[in-house]
Amino acid sequence: MRLYEFEAKRLFRRFRIPVLDAVVVDGINEEELNKITYPVVVKAQTFLGGRGKAGLIKTAETRQEVESVIKEIIGESHGPYRIEKVLIEKKIDIAKELYLSVIIDRLEHKFCVITCSRGGVDIEEIARQSPELIHKYYFNASVRFSQFSARTIANGLGLSGSMLKSGAEVVYKLFNLFIGFDCKLAEINPLVITQDKKIYALDAKVDLDEDAMFRHPELKELGIQTRHEIGELTEREKLAKAAGIPYVDLDGDIGVFPGGAGFGIAAIDLIKHYGGSAANFMDSGGAPTQEKLRKMLGLLIDNPKVKAIFGARFGGISRCDDWAKALVQYVIENRPEKPMIMRMAGNMEEEGRRVLKEAKEKHPELFKNIKVYSVTTPIEEVIKETIRVAKAGRI
Amino acid sequence: MSIIIDEHTRTIVQGITGRNASFHTKLMLGYGTKIVGGVTPGKGGEEVAGIRVYDTVKECLQKHPDATVSSVWVPPGFARDAILEAIDAGIKTVVVITERIPVHDMLYVRECAREKGVMVIGGNTPGLISPGKSLVGMLPRITFKPGRIGTVARSGAITYYLANSLNLAGFGESTSVGLGGDPILGANFEDILHLFEADPATDAVVMAGEIGGVYEELAAPFIKKMTKPVVAFIAGKAAPQGKRLGHAGAIVEGEMGTAQSKIEALSANGAIIAQTLSEIPELLRRRLA
Amino acid sequence: MRLYEFEAKRLFRRFRIPVLDAVVVDGINEEELNKITYPVVVKAQTFLGGRGKAGLIKTAETRQEVESVIKEIIGESHGPYRIEKVLIEKKIDIAKELYLSVIIDRLEHKFCVITCSRGGVDIEEIARQSPELIHKYYFNASVRFSQFSARTIANGLGLSGSMLKSGAEVVYKLFNLFIGFDCKLAEINPLVITQDKKIYALDAKVDLDEDAMFRHPELKELGIQTRHEIGELTEREKLAKAAGIPYVDLDGDIGVFPGGAGFGIAAIDLIKHYGGSAANFMDSGGAPTQEKLRKMLGLLIDNPKVKAIFGARFGGISRCDDWAKALVQYVIENRPEKPMIMRMAGNMEEEGRRVLKEAKEKHPELFKNIKVYSVTTPIEEVIKETIRVAKAGRI
Amino acid sequence: MSIIIDEHTRTIVQGITGRNASFHTKLMLGYGTKIVGGVTPGKGGEEVAGIRVYDTVKECLQKHPDATVSSVWVPPGFARDAILEAIDAGIKTVVVITERIPVHDMLYVRECAREKGVMVIGGNTPGLISPGKSLVGMLPRITFKPGRIGTVARSGAITYYLANSLNLAGFGESTSVGLGGDPILGANFEDILHLFEADPATDAVVMAGEIGGVYEELAAPFIKKMTKPVVAFIAGKAAPQGKRLGHAGAIVEGEMGTAQSKIEALSANGAIIAQTLSEIPELLRRRLA
């Protein structure tokens, strides 16, 4: 989960990484703006880089200027984001800009500190053009990070004298923040040294491990909540999120009601391969409850773009009987008319089939648009059938 | 023959008293898997499906020193500790069903496992099966049949559909291994390919990967060295870039994690790329002819 | 540095190890005693074990009783200690008593958790009589202590069910306390389980590493100060301690003014071997300042029991010139009459000799009782000479 | 020949800009010790006695890759980090002058050192000297003369008096090693006895221990296996039980730390026990005759 700059800087403050005094506003907030001493830099809060080039970082010398800059930036778009907040920091005299980050290197399965003596610019660009400027230092997850490593890293950045010590301090603290908050990324770009030999994290980027949030209640104290991280959510995505269902809207007309995420991704490929178009990505998670399964189904049925639903349940940790019961209850309660082409196989399949059969005998009219194939029909035949139905508009 | 587990393998179940674990313990026993004990701290002395529960892995292994495999079903916050406990007690293969284990925890666990020569499979794996011999995890028995194809996949459901496609076309599996869907895994494609290459009961391998991570790319060079054919299926070709699709392992990250990058790396090293599941049997047949 | 029970329990509280509610008093403190609910146990605060047998742990049912018990215990002697404080805790119904400790095993160079299913008694006694009841678990200093280890240890204590979990919690927290406060020992004897299945550290013993105190400012917050740990201090020992000089009073008449601690110990042996008797142990520490050296000398000169002083300086990290200057200044300022038989050799010896020679030429009368041998006289000859002088009362 | 250091040894000094370190750097250089660089974080580029100061050990070793020994003079709160830095950078012998290093720190450092095959001497050691060849630490040169006796002691001053007694009687040292006075040490008696036993330039060993700790007892069994005579001097026979004498290493703890226990263990394994320093040369002479 990526954090906004102003959120990341709250973590920095907790670990005493030096950041500039700042205020965050979502408009002309008198009280906050009264705290400012000029000149200042006003920075749009967004998840994307390249804010400078996009005109989303501006300086202001006076109250009048700062107000006009705030009005100008807030509400602007930046890629998929609408700017809602700006961070206002004192403008400082920069002598040097550096780059520093800690990441997880998934090739090496280690923590990796990356530095560059040229900061404030696109680091990937530098890595391509001047790879010799980039230093990498690897650390095993089982080893305690030592002060000497921090000094060696600061030394590699060309720092010396008192700056070696304050630079090493920042490296040490950033690494500890990375560990302490279960980060996937903790980045300072640029790390600046001022004319008067002070060091500040001028920008801050943090990407947290969603799966470790349960052990960081302190994030809530810091006012940081779990959120969808990339792009704005559609209304349906918001509904799904509220129900704890990973869900992404796509452009097609076939609603995909799969088992796990991996097959959900494959199903989108296969639908495209056979000439159809998926309306969504969705994941049921490990062993969904019947209630969750009904909610998942509802998301698809209620989507006006969806012409047919492709469903697949291969019971592993999830059980076919739960799935069948959820389907039956949903159908009886909501009487959907959209065709559903499904396939059910795996653990507790027999019991699932019994549930479906009983319901169909009892409410034949409700199940006339629903087909549930078994393990003997290849999954891709079911997909092809769904595409045919979606195009025809009926079974 | 088969890899990792066979009809002689003794296993234990960590977190056995949980809802899913106790349910699947019954299914595993029904399949013939030799489960000798379970572990749930504080529930020592109870029984699940006739299997004795112990408070610690150490105590369990003192009573059942022949157990070499453990499956871990505990909640994610306890997974690291449970895996380390299994490693410390002397278990040789840990099958981690638990999903969404914190990334830092798995990095730590991987190091301890490698140091002690222990294979950790998962997290977020459906487990593995050597059809007709043993099943550790929660794979649906119905779809797997004894045979001479090894399969290895990241996604659980794809593991099942692979076997289903193979079986409908007359093939069966020596062993099917689910690597797991979490972003940091214990065993990876390369580890399993090594075992299949050395297994006399395996004629060919089907591997199924998906966007995100780098495990497919990392395995590619070894495929070139293999004597057995490898068919690869990669999911996520149609996934929109930058959209987060479900589990964290499926985030498209950099150039290395894309479906394109994986397909190119695998193909360049001699893997046969399958576009659909249903064409896999035909691709195998041609290479094994 | 050993802590009193009530101090150790403050550390326990910080690590949430369950202890009973308690008050500590040094007499009839009305305010504190009003907090008590009866019956209670009144426990003398002392560093030695065996308080029960010594009658220093007593129960009281009423306010009247508790006051009389307090008056009885405070002021009592226990070995070398005078009881100054008592801890008053609620009396509980004990179902089971266990033993649990974490120590540093200097043979293995590891941390070691020791448990015994019989607690509340002398553990060394049990180790001798029933060694099979004692379990030891070793841990490397570089490895993080895991919850599963705590459970395995609790399991080895025979705990099961809910008690397994609460026992493992105590083990886990005690180990973390041991690490967190740089302990040499953290012991709970007994760890009790009550009739209603609660677990408490009924006693608490903690021995801290003096050399790690600098990184535990939190001890001060907890009201715990550095102190001499074994026995009561003599007045001279208190003076030495205030000056930061390790010093122990002995029974003899030869004041020992050595270099390091190791030779200080050897000198006591050698004086005894040659028929003399040392008046003290003293250590100058690494590289003492001249001021510290003068204070050391003063401690010996001012001791009426001391008849002669044996001094030895082998300049290593300490320098002979510093030593000589300190001696000269002390002699000029204090004009001591006690004979001093010394030997000086090692780093900066030449400069030291020059300093001594000049002073002696300037103040011959002050140095008439002072002899400073050189490296060519064996140290044991100097010791023998000092013994002779001490017996004769003059050079 | 000699052990650990000789005339070819290149050394560095960590904490070189401190008062004691810079003073003793001059003395070491005066003795002929080959100091190639110093390290003090934040003082890179300065010079001490003509020796270049670096910010990190890594940088120092990049410029002087032939350095194998470091002496550490930093304050106790920084010792652990400095020793780990030396080990990480590839130093093979770390001589820790710093005294009163926290016990937990030294336990951790010991493990890292053993894992990497690095010898840590100290903390609270005066250092070591191979007379006429090299001196690392702060031992007073005047008392040491080239010869064929190896000495090893915990206390600094006793190291000096040992050599002094030997020299006054016509002996000299191959190497004299101070183990250090801190309670947890890197190298112990046994480690050094092994080296002396293997050193062709050493005919006999004098070891001096003292009350507290267990290092003397731990070394005793090896003495039995040695071909060279070992004379042992143990300080603390007259120390009152339970009194804390100076540094923590000298606390009498349990039955194992007493002078009596040490003397018995050493004597039972063939060490010759010296009651005084002055009788050591005679004891040696008798055994070497």
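Order as written gives the chain letters A, B, C and D; numbering starts at 1 within each chain.
Going forward, contacts are C-beta pairs under 8 Å (C-beta built on N, C-alpha and C of every residue); 3 or more make two chains touch, one makes a residue touch a chain.
Only a predicted model underlies this, so the values are computations on that prediction, with no experimental measurement involved.
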A student comparing C-D to A-D should find more C-beta pairs in contact for C-D
As a test of understanding: of all chains, whose mean C-alpha position lies farthest from that of chain D? A
At what distance in angstrom does the C-alpha mean of chain D lie from that of chain B? 53
Would you kindly tell me how far, in whole Å, the mean C-alpha position of chain B lies from that of chain A? 26
What is the distance, in whole Å, between the centres of chain A and chain D, each centre taken as the mean of its C-alpha atoms? 57
Check: chain A positions touching at least 2 other chains come out as none
Note: chain B residues in touch with at least two other chains are none
So, in the complex, the side of chain C touching chain D is made of residues 104, 106-107, 109-111, 140-142, 179, 182, 184, 209-212, 214-215, 228-231, 246, 248, 250, 258-266, 268-273, 278, 281-283, 285-287, 312, 314-317, 319, 345-347, 349, 375-376, 378-380
Residue numbers on chain B that touch chain A, as the complex places them: 20, 23-24, 27, 76-77, 97, 99-105, 107-108, 110-112, 124, 126, 137-143, 153-158, 160-161, 164-165, 168, 181-184, 208, 210-211, 213-214, 218, 233, 235-240, 242-248, 250, 275-278
Which stretch or stretches of chain B touch chain C in the complex? 41-45, 55-59, 78, 81-82, 84-85, 88
So in the complex, the part of chain A that touches chain D is made up of which residues? 146-149, 151-152, 155, 160-162, 164-165, 168
